[in-house]
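Below you will find the structure I want to go over with you.
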Amino acid sequence: MRNTLITLMLVAVPMFALAQPEQAVDQWTGKTILLIGAHPDDDSYAMGTLGMLNANGNDVYIVILTTGNVGTQDPDLGMMDLARIRRQEEQAALATMGIPLDHYINLGYDDGMLEYEDKKEVVAKLVRMIRKIKPDVLFSFDPGKGSQRWHKADHRASAYLSADAARAAMWPLMFQGQITVEGLEAHTVPEYMLYDSAEEDINTWVDITGWEERKVEALTKYVSQFSSGWYDYKGPELSPEEKEEVKNMLRQWIHKQRDGRPMEGFRYYAGLPDDIGR
Amino acid sequence: MRNTLITLMLVAVPMFALAQPEQAVDQWTGKTILLIGAHPDDDSYAMGTLGMLNANGNDVYIVILTTGNVGTQDPDLGMMDLARIRRQEEQAALATMGIPLDHYINLGYDDGMLEYEDKKEVVAKLVRMIRKIKPDVLFSFDPGKGSQRWHKADHRASAYLSADAARAAMWPLMFQGQITVEGLEAHTVPEYMLYDSAEEDINTWVDITGWEERKVEALTKYVSQFSSGWYDYKGPELSPEEKEEVKNMLRQWIHKQRDGRPMEGFRYYAGLPDDIGR
Amino acid sequence: MRNTLITLMLVAVPMFALAQPEQAVDQWTGKTILLIGAHPDDDSYAMGTLGMLNANGNDVYIVILTTGNVGTQDPDLGMMDLARIRRQEEQAALATMGIPLDHYINLGYDDGMLEYEDKKEVVAKLVRMIRKIKPDVLFSFDPGKGSQRWHKADHRASAYLSADAARAAMWPLMFQGQITVEGLEAHTVPEYMLYDSAEEDINTWVDITGWEERKVEALTKYVSQFSSGWYDYKGPELSPEEKEEVKNMLRQWIHKQRDGRPMEGFRYYAGLPDDIGR
Amino acid sequence: MRNTLITLMLVAVPMFALAQPEQAVDQWTGKTILLIGAHPDDDSYAMGTLGMLNANGNDVYIVILTTGNVGTQDPDLGMMDLARIRRQEEQAALATMGIPLDHYINLGYDDGMLEYEDKKEVVAKLVRMIRKIKPDVLFSFDPGKGSQRWHKADHRASAYLSADAARAAMWPLMFQGQITVEGLEAHTVPEYMLYDSAEEDINTWVDITGWEERKVEALTKYVSQFSSGWYDYKGPELSPEEKEEVKNMLRQWIHKQRDGRPMEGFRYYAGLPDDIGR
Amino acid sequence: MRNTLITLMLVAVPMFALAQPEQAVDQWTGKTILLIGAHPDDDSYAMGTLGMLNANGNDVYIVILTTGNVGTQDPDLGMMDLARIRRQEEQAALATMGIPLDHYINLGYDDGMLEYEDKKEVVAKLVRMIRKIKPDVLFSFDPGKGSQRWHKADHRASAYLSADAARAAMWPLMFQGQITVEGLEAHTVPEYMLYDSAEEDINTWVDITGWEERKVEALTKYVSQFSSGWYDYKGPELSPEEKEEVKNMLRQWIHKQRDGRPMEGFRYYAGLPDDIGR
Amino acid sequence: MRNTLITLMLVAVPMFALAQPEQAVDQWTGKTILLIGAHPDDDSYAMGTLGMLNANGNDVYIVILTTGNVGTQDPDLGMMDLARIRRQEEQAALATMGIPLDHYINLGYDDGMLEYEDKKEVVAKLVRMIRKIKPDVLFSFDPGKGSQRWHKADHRASAYLSADAARAAMWPLMFQGQITVEGLEAHTVPEYMLYDSAEEDINTWVDITGWEERKVEALTKYVSQFSSGWYDYKGPELSPEEKEEVKNMLRQWIHKQRDGRPMEGFRYYAGLPDDIGR
């Protein structure tokens, strides 16, 4: 009884929330991992970690809210063209990292408009994903200080919607239809890896040594985003020269070196979703 | 060229819309049939026809918008209880008619609240269903005179949302995410069987002779709706006496006898969805 | 048992809906009557009937959705001025008819904007009124043919919202907070008197002989609506000359003479709210 | 005083609403005419009448709600392409009819989504147009029986939104910002020509003799809508053969011959907007 | 004049906002106190202070937005069961603290869904409460740093909605219907006690010595929240053993000892509501 | 190519965002400046800077979202009165600063209700303004820490909506109708001057020496806001005594003296709008 109560208190009160994973991330295995993002390249923030986790015997899923069908300065690309290009790019990046393509789910919203969609419906869809995939760890935009100030609207929306969904998913009486007619069960996500956090809030650095070049290679697949394809898209393959140039840029840009090693930084949180933001 | 243009005109102009199916409904075979309704018993309006069509080699699908989790006067039933009961009832009724249970899809909305859900999202979901199932014939609440006056709010909503979805489904540029990320294709539903029409608008009577007793049997499965279970639910089986009594009531009630034969009446429409309501 | 079932069927199926009150309206006594309207003068449609019912020992309540704070062509009246004037006018009219002033409830919405308010919230408020007042008869704008075509937006909204509320009020599982925290009970309104119906849909004429002059007097209280006060409001009292002139106009206008007697016409409906619109 | 009151009553009560224009439409001159529609070809319903009115010394304005950027079956057209094509087509059609191009205003909404836009905002924009243009006559989709049944969603929305806007425009206290900061004035539209009405509701036929060929020519400009351009757009000019074929189709299709003369039919209404739908 | 202007400036400019109550909270008497929260136990944050204030001759009111009808892990509880349980628990807790039960008002929203309700309507209801109760001090979730990061959705909503309502309540021209038809008056709340603040933002500690055991007793009433009742509810009374165990937990948990005394911490703010968040 | 890529990276990554204008603000010339605010006096925050910029050959535009028609404690002022007064005040203040009156645009929303308007529509209108005016520098409420805590609702809304609009304006595929039918072009605002920032976030102080008295004079024009006119408005002219008193208050209040010189403080940001909030 006492143990139960202690557990209950732990669960109900944030004071014992862990600021560090009990087990180092590179030791994780057998976990189910879900990343939620707004655009088909938001997984870049955690690409090395995801690749490593996948290789270490964890199941990695990526749920992206929008098709990314707006983010171009190339006047010759329409919305359907761009959505198709970005789908191909995301799949190429995931393939590079060894993540199964059928673990990538896109909810099909229009890029740039997430803030204006019906929040209850978007949360319901994310709750369904959480109840289906039953993640042990949720990767999400950090709904903390990084979103406290104004923030690229879709990212801000993604951060809040993910956290709201994680909270709702644990209550059987919320979005009941998923339980009564779809046969799903309430699910409580116990651990969170929040990306794009304010620098001072990062409490967990994942050493991606050995994965850094695959990450750079994966990111070169986002031709329409991280190369001249942003304003003049010519197809999924960069010229060898531009590819090398892009890679050099990406190497400087994405590698946060700590102690001479490539790292990805997160705000880790364990506990009930009620207190993600503390 | 001329033929193309004529086709085009046919398509663009409602004047040639057919008021009767070219082929009698009981001769249909090899068609894909989709019924959209609001509650898990709205298919009652067409139960005989659906059973017959299924037996005749057509693929019959049922999409219901709400779980029916509100419609009870039994004070001991909560929303989740009722949703589960009504799911079981719907499955029992479909089994009676021989319709495969995995052809029944429930979208999980709360009963009675359909009018207050986000219309764009509900239409998007119905469009997805239409693009996946690709029906040759759509059965729907009639959004015509039967809905012109005030109407049980969910039925009114179902009528309009179905028609709006049928229209949207045909345009590749609407709800693009379904096409670009889910790999679906635009689909134009060519024929409509609208149920719960104003009496004077019914233009097609389907003779369900041979199916009438199975329909009556199927309807007795809706214990929480069409029996004392409405105010005092005691489980999925009626007593033999009440069951017979209910059956007698149902026989009088549902059989619109025409020329001494049991019939189900519809407003049939063929043509572009733009003119369903004409 | 049989009786129960028959009742149930009666209730569930509209076929036995009565097209005329069993007892003539002028014989009603001991009933609770609720009129829902959009503006503080919409009760004009039924003023004679309401006065008579009140005198005959029925409890008459008036719920008006908006303050009427927009409907003026007098450039010197602001929204708060007009709301106050129209409140005073409504009270004066009810006093003339002998209806207790504390039976008049105004929900305080802005005139002309009802269509843009949150429908779920407005319905919830009307459901609360129905569950508190527990009317035997609901007077409402007819959500039938009279609203089928476009219709003064607030009246159309009022018609649909009232009917939606009558439906929702009967289900304990809808707007549960009213039951669990406010101690109200679900209530089914059994009879409806729908006003402003299409001429051909009126099925019940109430003879208001003996009440016609009080009705005319009551309507002269709406100075800001039915007199020169519409464009140049000078206070709650008309000059004797204008008052007489207005009365003459009103006499011609409001008295639908049938068989030489003054009448008010309604579409009467008895049965479950699901079929009000049939 | 009496006259004032009579006017007031006329204005307040629909009973004297005129079912026919006092002056035949082809005699109108010096009037300001505003047509509101959903797509850049909805003015087709009244094209002959508009051309004639423009030539007769009336000021003709066209306000279209959407860019028409969805209505194609040509897989090679994106939304921006189509919007540009349909703008060019509309301008070409108006030029053919002699209507000044700067009298064409497009509010820029996405085609097919009008039902999901914020109604208050769309009405506010139409109210602004009405208060700026101050039309004597408003041409609008008929929000009557033609919309009573389900109806191509944008057309239904256009019908209701136009009528709601006509009503709101007359009240200085509605959408006050337009008056206090933009310097506009409240405006009451006195006459209405409602198009796409139910056949039996048409009460006014306009003889467009002398304008029929210009109308046919104008309609051939809608290449992306009324020709093979619907599924395979090749540019704004049809081949001479297809053009002739399209013209023949259009001649049969659009000319409602009455007494051997080409006609366009409307439901005419004069009176306060409150009763447009009666 | 000068004084007036100084007052005005004080009011208009936040620079003189007080960071501490002029009079120590335990000296307050004759004040009207209003606490707004999301769930029927959110007053726990201030329970000792509220009990003390009530005993000291202040009028204490509690307005809770939701019925708390979702927050259970007990699979046997439905939404209506839980709402009733939580109402009973809240009343038991208030009785323990000596607060009159009719000072507890619950607005009846569904738990967990506050973020998706219509904000304008919820604010209107809170404005009504503020204008009726006319609090001298408003206790509210702190819409400051504590909500800056993501936050249990209902708490975040409650924080912002309360602050928005406090602001709106002071303007006679906002939610006019409450003033013109309900006879309420605009009310400016001068002082705020914000609870659940970020630790570093707490500027006012209330010594609840003498009230700590009653607070602990009161909190044991929330059986469905703070005991094994969370996952297995057996009724409103805990066994003596569990009750003692829960009390011990609560003692450790809720008592923020400062200088060896039990305290409740708040961010105090005095000034116009415009600057609550500074 | 390299240069292009570097530019691209600069643009895509926030790391090089400038914390100070390259050129001192008082040296700016030939720039187009746009200020967006919620109320017709929010430009007070930057009035000295705007006057100076205007005099130095920059084009200064002011877009205000609401008419300010609620913010009074004078019981004799209605909403239309107040809107007109505040328009006159704003024009008088701009005239004092030498800013052309036709550079002031008011979008006409109701004061205090901005949070409840349709966000997509408001953003669309601001995007239109940005695409028309093509500002080099956008002045906006800071959507950063200053809004992180709760904040006067309209100011919070204005901050977020402006930032969302700045972001949307740069993408041709967002709000396409403005481009396809209005002939506007996507526009990327390169520099931002954010006002009402948290004190510690101000990174740019503009010395307004020489403009301080004109600013004080301009602010005295807001009679209904910064004088006894707040509760008792007597017209646009203050008595000489009160005017002097108000001026003295304003001098103390608005001059943030640094190094003995009058200053206005801003958070300056240069870079893509995606990172305004960092």
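List of remarks:
In order of appearance the chains are A, B, C, D, E and F, and numbering begins at 1 in each one.
Simple rule for what comes next: a contact is a pair of C-beta atoms (placed from the backbone, for glycine too) under 8 Å apart; a residue touches a chain by one contact, two chains touch by 3 or more.
A quick note: this is a predicted structure, and the numbers were derived from the prediction, not measured.
In summary, the chains found to touch both chain D and chain E are A, B, C, F. When each chain is reduced to the average of its Cα atoms, B sits farthest from chain F.
Equivalent interface to A-B within the set E-F, C-F or D-F: D-F (over half of contact pairs identical by residue number). Farthest chain from chain C (centres taken as the mean of C-alpha atoms): A. In this assembly, the C-alpha centroid of chain C lies 39 Å from the C-alpha centroid of chain E. A separation of 36 Å divides the Cα centre of chain A from that of chain F.
Rounded to whole angstrom, the centroid-to-centroid distance between chain A and chain C, based on C-alpha atoms, equals 55 Å.
Residue numbers of chain D whose C-beta contacts span two or more other chains: 69, 78-80, 120, 148, 172-173.
Interfaces, counted as pairs of touching chains, are A-B, A-D, A-E, A-F, B-C, B-D, B-E, C-D, C-E, C-F, D-F, E-F. The part of chain F that touches chain D in the complex is made up of residues 66-67, 69, 79-80, 83-84, 87, 106-110, 117-118, 120-121, 172-173, 175-182. Within the complex formed with chain D, the chain C residues making contact are 69-73, 75, 78-79, 82, 112-113, 115-116, 148-153, 225-228, 230, 241-242, 245-246, 249, 253. The touching residues of chain C, counted against chain F in their complex, run 78-81.
Chain C makes touch with chain B in their complex at residues 1-2, 4-6, 8-9, 12-13, 15, 119-120, 123, 143-145, 147-148, 159-160, 163-164, 167-168, 171-174, 273-278.
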